[in-house]
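All chains are identified by letter, namely A, B, C, D, E and F, in their written order; residue positions are counted from 1 within each chain.
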Amino acid sequence: MMRQILPYPLLSLGMLILWLLLQQSLGLGQILLGSVVALFAGRALAALQPEQPRIRRPFKIIHLMGLVAVDVLWSNLAVARIVLQGRHRKQTAGFLLLPLELRDRSALAILACIITATPGSAWLEYDAVRGTVLIHVLDLVDDQEWIDTIKHRYERLLLEIFQ
Amino acid sequence: MNTLLDHLVVLPILLPLAAGALMLMFDDRQRVTKAFINVFATALHLVICVMLVVQAANPTDLLAASYPIGNWPVPFGIVLVADRLSAMMVLLASVLGISALVYSLARWHAAGPNFHTLFQFLLMGLNGAFLTGDIFNLFVFFEVMLAASYGLALHGLGLARIKAGLHYVAVNLGASFLFLIGAALIYGVTGTLNMADLASKVATIPELDRGLLEAGAAFLGLAFLLKAGMWPLGFWLPTTYAAASAPVAAVFAIMTKVGVYAVLRLSTLAFGIEAGASAGLGQTVLQIGGMATIAFGAVGVLASQTTARLAGYCVLVSSGTLLAAIGMGNAFVTGGALYYLVISTLAISAFFLIVELLERIRIAGADVLAITLEAYGDDEEDIENDEIGLAIPGALTMLGICFALCVLLLAGLPPLAGFLGKFAIISALFNPHGLTEAAIITPASWWLASLMIFSGFAALVALTRTGISTFWATMSDTPAPVRVIEIAPILLLLGLTVVMTVLAGPVMDYMYVMAENLHSPAIEIGNILATPLVGEVLP
Amino acid sequence: MSETILFWTIMVSQFLLAGSMIAATSRMIRGPRAQDRILALDAFYVAAMLMLVLFGIRVGTSVYFEAALVIGVLGFVSTVALAKFLMRGEVIE
Amino acid sequence: MTPSFLLTFALLLPFGAALVAALLPQNARNAEAWLAGTVAVAGLGIMIYLFPHVAAGGVVRHEIQWIPALGLNLILRIDGFSWLFGMLITGVGFLVVLYARYYMSPKDPVPRFFAFFLAFMGSMLGLVLSGNIIQLVIFWELTSLTSFLLIGYWFHFAQARDGARMALTVTGLGGLGLLIGMLIIGQIVGSYDLDVVLASGDLIRAHPLYLPALLLVLLGALTKSAQFPFHFWLPHAMAAPTPVSAYLHSATMVKAGVFLLVRFWPVMAGTDAWFWIVTSAGMATLIFGAYAAIFQTDLKGLLAYSTISHLGLITTLLGMSTPLATVAAIFHIANHATFKASLFMAAGIIDHETGTRDIRKLSGLFRFMPFTATLAMVASAAMAGVPLLNGFLSKEMFFAEVAERDANPFVNLALPIGATLASMFAVVYSLRFVHGVFFGPKPEGLSKLPHEPPALMRRPIEILVLLCLVVGIIPGVTIAPYLAAAVVSVTGPDTPYYSLSVWHGWNLALAMSGIALVGGVLLYWALYGYLAKGVDGPPLIHQLKGQRIFERIMLIITSKWARRLEARFGTRRLQPQLFLLFVLAVGLPASLLLTRLGGINLTFAGFDPAFALLWAVGIVCAVAAAQQAKFHRLVALVLLGGTGIVTCITFVWFSAPDLAITQLLVEIVTTVLILLGLRWLPKRVEDMRDEAQLLKARLRRYRDLVLAGLAGVGMTVIAYAVMTRQIPSGISKYFLENAYQLGGGTNVVNVMLVDFRAFDTLGEIAVLGIVALTVFSALRRFRPARESIAKPEQQRIQNEFDDRAPERSQGDTVNEYLLIPSVIMTWMFPVIIVLAVHLFLRGHDQPGGGFAAGIVMSIGFILQYMAGGTRWVEDRLRILPVRWIGSGLLLALLVGVAAQVVGYPFMTTAFQYVEIPYIGRVPLASALIFDLGVFSLVVGATVLILIALAHQSVRSPKAARNAVPIKEAEVSSDAPVEIR
Amino acid sequence: MTEIPVWAAILVGLFALIGSLLTFIGCMGLARFDSFYQRIHAPTLGTSFGAIFVLAASIIYFSVSGQRLAVHEVLIVIFVSLTTPVTLMLLARAALYRDRAEGNGNVPAAALGKDTVVKAADDL
Amino acid sequence: MELVLAIGIGVLTSCGVFLMLRPRTFQVIIGLSLLSYAVNLFIFSMGRLMVGAAPVTASGTIDPTHFTDPVPQALVLTAIVIGFAMTALFLVVMLAARGVTGTDHVDGREQR
């Protein structure tokens, strides 16, 4: 019953927050209206029957976000420097094949977003059979360093959150 | 506003919209239901239009019955205006509509989805264009009309229709841009979109801005003239009309008249005698363009290899005649032209319906599908075999008579109204101040009169050629598979022209009053600007 | 004072964003491959979005926010469609 | 029984009877004949009854109101002259009916014959009884039309068809000329009333427009009367059944031309122009017709040319402009009618009884049909102008008139000689007719044995011949009073004395008669040998085949030239059409602006470098898009996006947030839309044109560039001029001031859309809905180009790759490709819905609204289609776009109609602030419901358009396989979702 | 424009400048880098901290001038960082496919064999 | 500002007109889009340009001179929607024509 009304509680909560942010109001009316809209949006998503992500430790997400934010900031500066160096710079860009343990699609999606949103690295191709991902790195000096960063900083956390 | 009569002006727009929208709620397989709704709505529509004409003809009423949409004051809101002219045009559209619709029920309505809906939307667009008193709203209704016409022109698909449709759409899109530019420019200079308001402002526009205003009018005019098929803007027309299915072409007969109507409306309202320095704007263009159109149309009539194309060129001749006549800027000429407008529209519409039946006679016995197959390449026509109505005996004779009547009407030969229309125009050209007043005949009048005669002769030559080869040279033993519901609409249209011949006196009087009102629009402008509202705006 | 600061900083910022758009346009035109152009269009969208946000600050009103939001939420749809077209030869299979 | 009533009755009777005749059964020969005969007799009776009223120059007139505003009322008017014609029409008509009863074969469809015949009779009567010159033209053209139908009666013969068409073309053309002529006369006189016109002779002749009017009237008269050079149609009209010829070419149709000349003689004759044109046309026709008649081998051909010649005689007389000549003309009109009708009938009997009309095959018929032969001989004698027959009398008068001395020596000599010569020829052809047919050896090779016709069939000829005789012998008793009445009504009360007696003493006219008779006999004798050879057609002018020249001219003008002109001044190609449109769009406004634009003051106030830079980008994108559109479609599309964004920023820059949002959303949808279409546009084919063609194409490109440049300059100038001019005091203030108070919203643009100008919006959403339906209809039977039927190259390769790899299955590549992105795209679905609701609800007060929300919503759907594919989405969502469209329209409509129900105009909105607990004051506007309709329609229409396109991909393999059009049922079985 | 305190103005201006500059640098990279796979990193400057700084400027400005917290700009940050990767991933993978298909040697081969050579979609 | 926009409108018009005169249907559709931008901007410009004066009023009485003219904006909105519809229509007709004629020439056959 509850699952029918509220198939994705977390999502619906997110939608309510989205609604309130859009209205820039915390009035009771808006909360009520937003709840209705959020419920409806949740039902709509349910119609599409996406895979249900099982989130075990939601609070780790905040940890992850903080981590990512810091990394992205540094990456911004690094890439900006590379751009400004222009053609004098030595070519260091390269591809990287990364084996992953992560299998949950939602988790993979988040990881892909993180890697791609981070300046200097881009998620290119995921091989579902072998569980490997091809990544392009702008400043690829040490392969292993990248692999470690991704596997230890992000994948581990994501595994904790989702599995 | 508590009776239906109070809302009469808006009904010709609402009814088709409601009917069209309602039909969307039905599955496309429920064609009979849709056909029923369509026939019912169109018949009701006809009644409404007759009432509208009666109301507009009533001399005790105001010259124009104006209707403030949304109860907003003129010139801020959109106002609908039903004067004699618009009422007449709306009625004409509905007559064409009902006859084409009945005709289509024999087979064409099944040639593709959504025919009935598009048909109602076309009526809505036409009526809106005739009734609106607002320039931008006119654009919107033009687009409604055009959008529906694109769909209907493609109805049945096939190579010829698609090729013609591409040109039709492209050219009309170009014209729509010009319309927008013109309307916007006029707004930019005058600050108004209401036609009556515009008319009242034209005379007092600052001299500095007059050029811009007139340029705006020129853009609008071009858009209208393209719809009217004026040479050299009308080359798309014969092809498109010839390719369209018969009932669609029959309704299209009035679409060019929308362009003519708009030209007449704006040129008399905004650029009539009261327009100060802009009075008579564009008359030379109309005269020359109109005459060139007649000449080109007549040449095309002679050059046409198929009857459908010939009919398309007849449309051009009719348009050219009207444009040139309007370009004369004389109420008498306009009066005659208005009579001619009605007659030629009815005749052309009937002719488009006949053309298809003629084709059927030519290859009598052969299934119509085979004909279309041949004409339109390898395309299959999925017209289902649910033809309605009975094949009639003596169909050939009936068709022959109908065809002969069409020849008379299109060539402007006596005794039918086609002759009277041309006579009325030429007589007014020769006697611009009335028959008893002496006047010098201008060269333009000479040219126009000669061209009208020439075009009539061309039509006579070409149509006799067609008629002889259809009715006399081919002797088919198999009776033509013509149905009552195909002949009946033709008879209705032609019958109306006969009625208009017999009652030419009163009809002509109606037209002259209409023309008189058009050429001295001050009262009508005043009436529109003073359109009363209902009480206060709703709480 | 604050008005002057804002005026100049926003102006320069907008100028920079316009410069970003020029850079993106140059890539759009130079290509060489379709993917480069689509990538440039995406960057173009982002610069445009930020331009709108700055414009909101400049005139002190948030009525333009939704326009920026629409780019932020939906701008990717057209580039996604383009990218998918490149990969698969059609947008919806 | 007032005369005016009788007149009306006489006119209506034939037309009414024609309708009845048409409805009788096919084989009702007797009934038809009775009907037609009764009508003719009734007409004749009425005419006779009316004679006293017209006898002494009297006029009976009856006016029926028709179109008073145009000066066109139906006026029936009879005077002595029209009475004479009335007699001929009804009298000869009756005889022809009688004759036709026996002539027409039972196989012929008689209802058509008698219906046309009666209609023709009515038209002819209408013509002569017209008291309004426009009405006269109307009946004039009616005679052309009905005679066309009569001539083409046996339309299975090509000759009949051609003859009918030629007759109609020539006489129809003349009729149109006549119309203009009459209009000019009406303009001169100020009335179309015949009586007024007849009283204005001096005015007309003195008017500067006299000459054109004359020429046009003569064009009508001369074509109708088959005068040189318009004579050629008449012989070919002989393809008609003989009763028709007997009627049309003796008493009626061709006589209409001379009727007109006589009718307008009082007002138009007497000038040099009249004299020269009419007389020379008449004289030429007289001689030419007679000459040509001699050499005809077809009996009816001979009679036809003879008719032409006699009409020439009448025309010549009228041309001379003297009252006495006119008397002679009127007299000859009547005489010719009698003898020529009888001769045609005789020829018909011969044809009927022998099966041929060829003089060469006929001979010695006297012994088989002595009665008929005798009658024909008497009539021929009248035709030849033998004394004691009516033809002699009028010919004598003719000779007397031409013999009158004239000031011009040429005329003085030419007229008498010509007249005598023609008369001599007349004797020759009359002799040939009589001698060739009735005398000589027995005919050979006839299909049947000839004998006398039924007595009743001969009766008409007997009556006519009798008339020839009595008029010829005792003219004073028989014809004189009637002729006098006719003459007076034309030449007026002051008509000089004329004598109708047979003997006028020895005079020049008699001498000429004598010369003609004797010379004719001698000439026949001299020509006998040549004629016996049976060469058809006159020597010397044999090559001059009027018909062939006519057909040739018609072919050249109406077909060859017309086609060439159509191609020269028209086009069926799109590019020239658009080019012309843009030329006019540049030229016309420019012509109005060039000298009157007024000052343009350059201002750089508020210049912003960022904005300028922005537009530099926009311009570069646009130009690059234009340049790339031919060979790099995708690139053009991307660049178009760049321009779109710049436009969108411009809207924001100048305070139009709603526009920016809408523009942006439409931009996104358009990109997807065009991409969906791009899949069906195969690669460009290589240019196969040669150097010259390429050069031409390049020149065209430069030309277009110039035009495009001018268009751009024009738009720049106009836009700049308006932007820098004073704002006019317009309607906008009202909307700003009242949007909140009266419309209940602070977003003025939205209030305009859903309230002030909601009617526009209603139309606009209708357009969107219509287009969606059209797109759907067009795509339901969509036939992709052959090269695009197969799956795109990429998919083929990727599938192949999947197939080759052992652990992969087809589709893995795409699944992997979308694996991660589709997660995010799916999760965006609820976000987009929330955004749509947000935009919708705030629309009335803030930027947004139903349209924007609708597009956002549909983008949400499309995104899912992109992420999961058609089947994936349609397994999960049930979208009925057509219903969305329908309900959107109905909803919007209902809001409008609701106002009407409570007595307000359509679309009057209502709004109220409602206090809702916990939420506060909320505006509830009916306009919001309207906006909901907009939303629903936009979602439906956009989704329908895009999905209908997307469905082609699902469909196409099947289409390629079966090559049959996809029917409805297949579409729905194909896809779980119903796309309507 | 509402008057706001100078400290806020400086902060807003600075953030706006930094954000724009980052975006600008990103687009510079887009224009300057040699290969597509390098260019793909460039726009992320704008979508990450370029956007964050500009939007932060906006948040500060409106919060200070409107006397209430205006944080809806956060939404843009969230959605941009969520959606840009989608585009980039799809685009990069498409580029990879095309490069492999054309045999451009600078990209790692697909896990299994080589795609056949095809013409580019640029020719459309 | 006015000058920049006016030139922009002019260039877009030029490109649009030029493309509409080209023989390939795809060129025409891109031309239609460009022309439609130009026309929309033109309509918009007829209300004159004002920065930071969006016609979103307060809920009390207002001074209309502080807001830009809303009328052209309403017109442009209608024009955008109709323009979108027509683009879709033209696209489909163009595809249909390409299918049945076998060429993307606007006349349905290659011109020589």
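By our rule, a contact is a pair of C-beta atoms (placed from the backbone, for glycine too) under 8 Å apart; a residue touches a chain by one contact, two chains touch by 3 or more.
Chain-to-protein mapping (UniProt): A = Multisubunit potassium/proton antiporter, PhaE subunit (TC 2.A.63.1.1); B = Monovalent cation/H+ antiporter subunit D; C = Monovalent cation/H+ antiporter subunit F; D = Multicomponent K+:H+ antiporter subunit A; E = Monovalent cation/H+ antiporter subunit G; F = Monovalent cation/H+ antiporter subunit C.
What you are looking at is a predicted structure, and each value in this text was computed from that prediction instead of being measured.
The minimal number of chain-to-chain contact steps leading from chain C to chain E is 1. Shared contacts of chain B and chain E, meaning chains that touch the two of them, come down to D. Centroid distances built from C-alpha atoms place D farthest away from chain A. Distance from chain E peaks, on a Cα-centroid basis, for D.
Chain B and chain C have Cα centroids separated by 48 Å. For this pair, chain C with chain D, the centres built from the Cα atoms lie 59 Å apart.
The geometric centre of chain A is 22 Å away from that of chain C, both derived from CA atoms.
Between chain C and chain F the centroid-to-centroid distance comes to 21 Å (mean Cα coordinates, whole Å). Among the residues of chain D, those in touch with two or more other chains are 572, 574, 578, 582, 608, 633-635, 637, 653, 657, 678, 681, 684, 715, 718, 722, 727, 730-732, 735, 756-757, 760, 764, 767, 770-771, 774, 778, 783, 793-794, 798, 808, 817, 820-821, 824-825, 828, 831, 835, 846-847. Looking at chain E, residues 26, 28, 40, 42, 47, 50, 70, 72, 75, 79, 82-86, 88-90, 92-93, 97, 121-122 sit in touch with two or more other chains. Looking at chain C, one finds that residues 14, 17, 19, 21, 24, 31, 34, 38, 40, 58-60, 63-64, 69, 73, 75, 80, 84-87, 89 touch two or more other chains. The touch graph of these protein chains has some other shape, matching none of line, ring, star or complete.
Checking each pair of chains for touch leaves A-D, A-E, B-D, B-F, C-D, C-E, C-F, D-E, D-F. Looking at the complex, you find that chain C touches chain D at residues 11, 14-15, 17-19, 21-22, 24-25, 28-29, 31, 34, 37-38, 40-41, 44-45, 48, 51-52, 55, 63-64, 66-67, 69-71, 73-75, 77-78, 80-82, 84-93.
Against chain C, the residues of chain F that register as touching in their complex are 51-52, 54, 56.
On chain C, the positions that touch chain E within their shared complex are 1-3, 5-6, 8-10, 12-14, 16-17, 19-21, 23-24, 26-27, 31, 33-36, 38-40, 42-43, 46-47, 49-50, 53-54, 56-60, 62, 65, 68-69, 72-73, 75-76, 79-80, 83-87, 89.
Remark: chain D residues 572-575, 578-579, 582, 602-608, 611-612, 615, 618-619, 622-623, 625-626, 629-630, 633, 636-637, 640, 643-644, 646-647, 650-651, 653-659, 662-663, 666, 669-670, 673-674, 677, 680-682, 684-685, 688-689, 693, 704-705, 707-709, 711-720, 722-724, 727, 730-733, 735-737, 739-740, 746-749, 752-753, 756-757, 760-761, 764-765, 767-768, 770-772, 774-775, 778-779, 782-786, 845-847, 851, 941, 945, 949 touch chain F in the complex. Residues 136, 140, 143, 147, 150, 154, 157-159, 162-163, 165-167, 169-170, 173-174, 176-177, 180-181, 183-185, 187-188, 193, 377, 379 of chain B touch chain F in their complex.
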